[in-house]
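Since the structure comes first, as structure tokens, the remarks are kept for the end.
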């Protein structure tokens, strides 16, 4: 098993050692599971007691003052350092390059260098796979679709025809890119299908969680911006544009033609109605329903969503309505008495 | 590239030309993307400025008065005309008929004329595929299941045994038809499985979005009525009946044994409890939770849902509680003073 | 067709017969569909009229007094008896044992006795399948993953590498076990991936609905306790622990590192924030959003969730705000008059 000294780990992440720089560590484990040969980490105050009680050989922390007498790796930004060290202790193992004999690849498809195509994967006519792309078992790449270099598709990912996924993306199992948008023209009570002839473009460095659905545009593109991370079971409708470096948490739904700026956060189970603009850095709290445009940096809550402070004030008032009602009753008694005394 | 004159397009959809009927158009594009050779369209007031600024060669509109001096195709119902013209400019390309050599089709299955069975699709014993049915890669048709004529299953659709899908349906990638209903008989704190021995029936002309789940009935049928359109990631539980021509938007959940009338609309992320009846034409707004039967044509909102007007009135009152509280405080001061003056 | 006398059926479930114990029954059907040769059942007061009107030859009920003059099978716990009789009338048909020639099984995988591996299923290096395990078509078992004895995986289930599923589990179509948790370390506005190197453990007798996603832990385990039943389209994030015998209804989302006790119920479309503890027997009502720890047996509602009684009281108050406001206006008039009379 590989091991590192605390000093080597500190050098790797640009941190400083407090205590024994020569202490040898062979794993990176949670506070509860770490033993004397392991590094662990502390970055959430909720777990301070656990961190103090941990039997870890050393701790990755931001503030050494909280852990007197312990061997520490001190970094200003604990979480990025934790990520880097996790990768050090658990280097990713790329699947073997080559096309599995049980895959079905069209003769007209163009495969880059060192691609890996798993068993039963299907690659359509004229599809393009960039260098080092990985297709898990049963991935389906439609005709004329593109998968960028070093992008990894887990099992059962579907890229419908003509859609494009950029470089270094990760698409988890069951992702569907390019299903038809939900567009119908109703006439006489019958919903006629509006053909969905646009595409989906997923830019570079995007991650999409398991069973995420991204619909193709009616015309033009549905687009997910560079560096955006999408959690499981999210719905992104036709012609939506998600800006760069946004975070879309599990089970969010974004309705058609809505545009999100960059660095937007939509928390779990929240939603946005169609044809809206969410400004850069908008934060939508869990289960909120955005029904109107938001300004850059705005934080909204509630269903329909309101500015977050206003909504929480309203909820606090709501929970004190019993008290307000009692005061009104008091007043009615007092006024009745005053009136009767006339 | 095919092109049409504005006059030809008008004839196709029963519209009228304002301006140059001989103008030749080779594409149908969005307001922003259309150039001089393209038709575009305007049907949502939100985009009036965009429509006026569009460089499209001609516009499909309902009211010519809003666009003086432009070449127009005028239709009373813009959206159905748009759908028809989209299909004209982008005629669907059916996949080649035949069974892919990497498909696995039971000898006892009955395949209609001109069916298309994609690579790695699996068709079970005694399954029936109607004429012109299309099975995308990795579609799985269980034993004794039926897929109607001209129905299209995108990749990875699963039809569990004995379930039936009608004619001209479209099932997007990852749809699951006939998973077991969520039925347990709890005894002594242990949840025993209630066998789910019923089926799912999807009637004709239904569209189901990506990763939609429709559970089989405990006994009898779960049924989705003719012409109903279901968006991505919707959950339809055992023994639900969805009436004809309903619209079930993304991430909706309908609990067991609930019955929807025809032309019901459930907006995104809304839900309905079990054993309810939603009257014909009920409209459930986004994120609402229906907990009681609804009358025909009723519109409900909130969680639990109330008549929409009542709920919006209540929310408006909620946001003015600060003002009401100030008025009560004023009253208390005034009454205190009056009492003191006695 | 197999048939049974009412007496035989009663003996099977430890119930008592009222009426003709020799009556022969060949099916178990719903109240509406049952005929004279069928048993039906009554266990929900909502359907009392339907039960009385049913043409079923006999009824399974808890209280014979409600059905004078009918042939009855009387059980104190109707629903478990119903489940047992359903299985009697519809004995499960296991798929044939063996590995389908179109499956792809690694030479290093260990397959127990009588396993069934369907067409196009993929079993990775060193994976283990317990005795009698069933892999439906296109199931994907990652390297070093384990599937316990008698566990059934429906089509398209994905078990990512190293994850473990126990004995007698049922995983419905499209389930994803072991997708990466949603973990990112943001630095300079860029979200860096935190490697997710833990696993998922699904204990014995768990059922997971269609398209459910369970993320692997960052470190350590995500765990679903013995006997827990999860409905369709549920999201379970990294490092979540769900206790034994819990019920997680459709479209629920549980955020990272949250721990549920045993016998917790989360109703449809509800959610829980991260790093919480939900006590044993907690009940979360539909669409509620749990944002704080709950005590054992607590019932919560609303978004953010409050004790259920408090929340329903608040909602009732909310709907009566118009009345309260009128009373305040009355008071203002009365006080104005009193003041004027001074």
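Each chain carries a letter (A, B and C) given by its place in the written order, and its residues are counted from 1.
Note that in this section contacts are C-beta pairs under 8 Å (C-beta built on N, C-alpha and C of every residue); 3 or more make two chains touch, one makes a residue touch a chain.
What you see is a predicted model, and the numbers here were worked out from it, not measured in a lab.
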Going by the contact rule set out at the top, which chains touch both subunit A and subunit B?
-> C
Copies subunit A and subunit C touch via same or different residues, half shared test | different
So, in whole Å, the Cα centroid of subunit A is separated from that of subunit C by 25
By residue number and range, which residues of subunit C touch two or more other chains?
-> 102, 120, 138, 156, 174, 211, 233, 251, 269, 287, 303, 318, 321, 324, 328, 331, 335, 338
Once bound in the complex, which stretches of subunit A touch subunit C?
-> 28-30, 32-33, 44, 46, 77, 79-80, 82-83, 86-87, 89-90, 92, 100, 102, 118-120, 136-138, 154-156, 170, 172-174, 207, 209-211, 227, 229, 231-233, 245, 247, 249-251, 263, 268-269, 286-287, 303, 315, 318-319, 321-322, 324-325, 328, 331-332, 335, 338-339, 342
Of all residues in subunit B, which touch subunit C in the complex?
-> 102, 104, 120, 122, 138, 140, 156, 158, 160, 174, 176, 179-180, 182-187, 189-195, 197, 211, 213, 215, 218-220, 233, 235, 237, 251, 253, 255, 269, 271, 273, 275, 287, 289, 291, 303-304, 306, 310, 313-314, 317-318, 321, 324, 327-328, 331, 334-335, 338, 341
